[in-house]
Amino acid sequence: MNKKTYSIPIGPVHPSLKEPMTFNFEIYGERIEKVNLAPGDNHRGIEFMGRQRNPIQIIYLAERICGICSAAHPFAFCQAVENAAGIEVPERAQYIRVIIAELERIHSHILWAGVAAHELGFDSVLYLSWRAREEVLDLLEYLTGNRINYGIFMIGGVRRDISEEQLPRIRETLEYYKDIYGKIEDIFLNDPTIAFRTKNVGVLTKEDALHLCAVGPTTRASGIKKDVRQDQPYSAYADLNVEAITPDVFSGEVNGDVYDRIIVRLLELVQSIQIIEQCLDNMPSGEIIAEKKLVKLLNQLKKAKGEGVGRVEAPRGECIHYVKLNESELPEVWKARAPTYNNLMTWVPMLIDQQIADIPIVIASIDPCIACMDRVTILNKNNGQKSMLTKKDLHELSVQKTRRITP
Amino acid sequence: MTSISLFEILVKIIGAIVIAFLGVVIGLFYKGIDRKLAARMQARVGPPIRQPFMDFFKLMIKENIVPQNAVPWIFNGAPIMALVSSITILLYLPVGNISPLLSGYGDIVLIIYLLTLPAIGMVVGGFASGSPYASVGAQREMVMMMSYELPLVTVVVAFGWKLSQVYPHLNIFSLTVINAHPIWELVGPLGFIGAILLFITLAAVTPGELSKVPFDAPEAETELAGGILVEYSGRNLALFGLADAVKIIVMTSLTVALFFPYNISHLLALSGAFALIVDTLFFLVKIFLVMFVEVTFIRVAVARLKIDQVSFAYWVPVSIIGFLGLMLIVLDTIIV
Amino acid sequence: MEYMTPEKIVELFKEKFNGSIINSKIEIKTAGLKKNNYSLIWIEIEVKDFKEAVNLLCTIQFPHFSIISDNDIGEEIKLTYHFSLYYGEKSQEISLNLATSLPKNNLKILSITDLIPGAQISEREIKEMLGVTIEGLPDLSNIFLPKDFPKDVYPLRKDETGAVKMVNKEEEVKKVE
């Protein structure tokens, strides 16, 4: 039979994508025959920028790789630098780091749950779950001073302590989430329309997950027990008993579909609450940073030589930073890898043979965080030529605009 | 029918204009209430109730863009077709005690034909826009039209058949007749259950007819970025918005006319102009309640279905419920 | 599953690629109050045996591939492939960092995508960011850089082909039409 396919572009800007990314689909009827990925619409050259800054400046740059993983990236980066320079982090700081990272996981997973519901056309759940997310954002603001981009990580420790008076507020929020969790689980796992749209949709087999080196909830939902917090416990996780969560804990079977990814994320919410409670109970006293004076720390880093890897289990999966210091102000190499980088390839086996209607939820199901370079393209209408706006042009245009509004 | 005088024609024309105007205004107003209520159920503040009016006026002053690939006359004609056909149906629907303006010129079978016209208008507009999203949306709309037609017709046939058994001499498909003889009074206990099943069937068809969640696959914002409407802007989009608002009134009025044609004026012992006003207000309350159940509530409570699931839902469960309702009504009549 | 100690893994590599191992070290790190430790292996190997080394790695356990990090050190480009082994069990994972250096006049390395398909994106990134030819890589379009990015600029290099030009004097750079 002669099949006539047509192509549908999704992105760079599309309501189902929260960040720019291009997909080209070959569609036959409503079925997807071929997927072409074209990332890079949002490549900002962060690594290039980082290699021209000193390590302390990079912390803040790393924090802005992604607005949602704003604890995971600086966490991984600080670990990499500490490993490279041989700095020991005080135990109390390790615990505070874990608490912040887990609070971030709660906020990220609830955010994801809301986005997933929106992709399914279930807007009520989006609004209700995002309201539940406010609570943890408020707590993060209370603890760190910022709702996102917390600015609490520093090489050798953290910048703010969690005081005795702050504990009741944290416990209150944890109680709130324990309370509300039942409702969230009920909506996502028992609602028939959500089950209709997510069961057996976007299946990633265990083999594909393994071969494509998927990370995080994406790989765990396919039945691979892989979680950096469990495999190679860093920071305070080494004292805690963290186990990778696979969907069979809940449903007794592993399908690797979108539904399983929902299960994994929801169960991780509970796990995060437990981890934070354990941390609060066992938190040692003592210093929160190895070197308080930043000038001294910078000098120490200037003299350091060595390479280090920092690995962190971000909400989306393993986040790895590699730093090489070579007795100079700037690090010789800084390589950052966000979890979505590895999960990118898993979209292809997930999307083939699905329907157009499944595209948004399957794309969302790995919780993409497309953090990647520069410039604006404009199409010259007169001769149809593509031209780029350079930094100089952009600067000139903005000067003109400013003059226009303020004469 | 006797010969029609010029005066009568004039009355009909003025009546049509008044009804069209009222239909649009009430439709937009109800859309505002629907949005507000949905927002409240989703723990949001929501837009002010006059928002659909503001949207309409804003869109009317915006540029009307016709894409390069589009067929301009079809592209521009489709929204007008959708709006006019929705308004035409209004002229056939009874409001409270007032019989429809065009009663005697057509019946519920005509209404079912007319109901497909706004949908066809959207399909034609979608295919004419020359965008892959709109084409996919239009295909889906066609599939959906074919799907919900069967249960809808089942409901109407059940009514007609029952009426023909009880009042063989009347024009059984006339809405005036259906309005005057509520189904609940004609049937026994079995038929009563049947009528409830028929109501459920119609309640399931309504969101499909109006392209609301869970049956909004043709417009699916997150997949098709608005689907059929993706290329529409300015005036044309405003007209589609009006057509949508009028369609809400049409579908809810249809439900009211078929299932809840009761009036309260005789209970309050009113007559004349007062009765008219009270019944009209009561009618507005009834369509509001129906809208709340069939549109607002369902819309906030479920996720969107895929088009094959929509098609399955209409062809199998909803149709079975409809047929069951029909059979129960038939059984009821035969046994009694 | 039987776990090899980090020392054994290094020994295994040394045995197989006796001449090609430039240097190797094992790092032990501790974390938390209980000072539980985990280990990292750093191995530097000559490029001719690199693919075989990855192959050997695959026989131990299918490794988790994280990323390739790059380092332009004047005459050579040093690539470090970050793997991890023995995931799935508590505190058993070993990070294995396999490094190799490519001379600038012969920037060629064999693709490992036939062994580990997940490495494709990282290899393509290395290709466009540093101009390393990856032999046997199937898909050759730009992945992060724009489609019309100049062919002779490699943003992560530190020599004259780097992106410094792009940042300051962009009008001098010739674009691909």
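Before moving on, here are some points about what is shown:
Order as written gives the chain letters A, B and C; numbering starts at 1 within each chain.
Quick note on the criterion: contacts are C-beta pairs under 8 Å (C-beta built on N, C-alpha and C of every residue); 3 or more make two chains touch, one makes a residue touch a chain.
Chain by chain, the UniProt names read as follows: A, B = NADH dehydrogenase.
If you're wondering where the values come from, they're calculated on a predicted model, not measured in any experiment.
Chain contact topology: the protein chains form an open path, each linked only to its neighbours in the line. By number of C-beta pairs in contact, chains A-C lead all other pairings. Per-chain Cα centroids separate chain A from chain C by 23 Å.
Rounded to a whole number, the gap between the C-alpha centres of chain A and chain B is 45 angstrom. A separation of 63 Å divides the Cα centre of chain B from that of chain C.
Contact residues on chain C toward chain A in their complex (touch as defined above): 27, 29-36, 38, 40, 42, 62, 64-67, 69-71, 73, 80, 82, 84, 86-95, 97, 116-122, 141-146, 148, 155-156, 163, 167, 170-171, 175. Per the touch definition, chain A reaches chain B in the complex via residues 6-9, 14-16, 27, 30, 117-124, 126-128, 131, 191, 193-194, 196-197, 355-360.
Interface of chain A with chain C (complex): residues 38-40, 43, 45, 47-48, 51, 83, 91, 94, 210-215, 224-226, 228, 230-239, 243-244, 282, 284, 307, 309, 311, 318, 320, 322, 324, 332-333, 335, 337, 341-342, 344-345, 372-373, 375, 377, 386, 388, 390-392. Listed in rising order, the residues of chain B touching chain A in the complex are 41-44, 132-133, 136, 213-214, 216-217, 220-225, 300-309.
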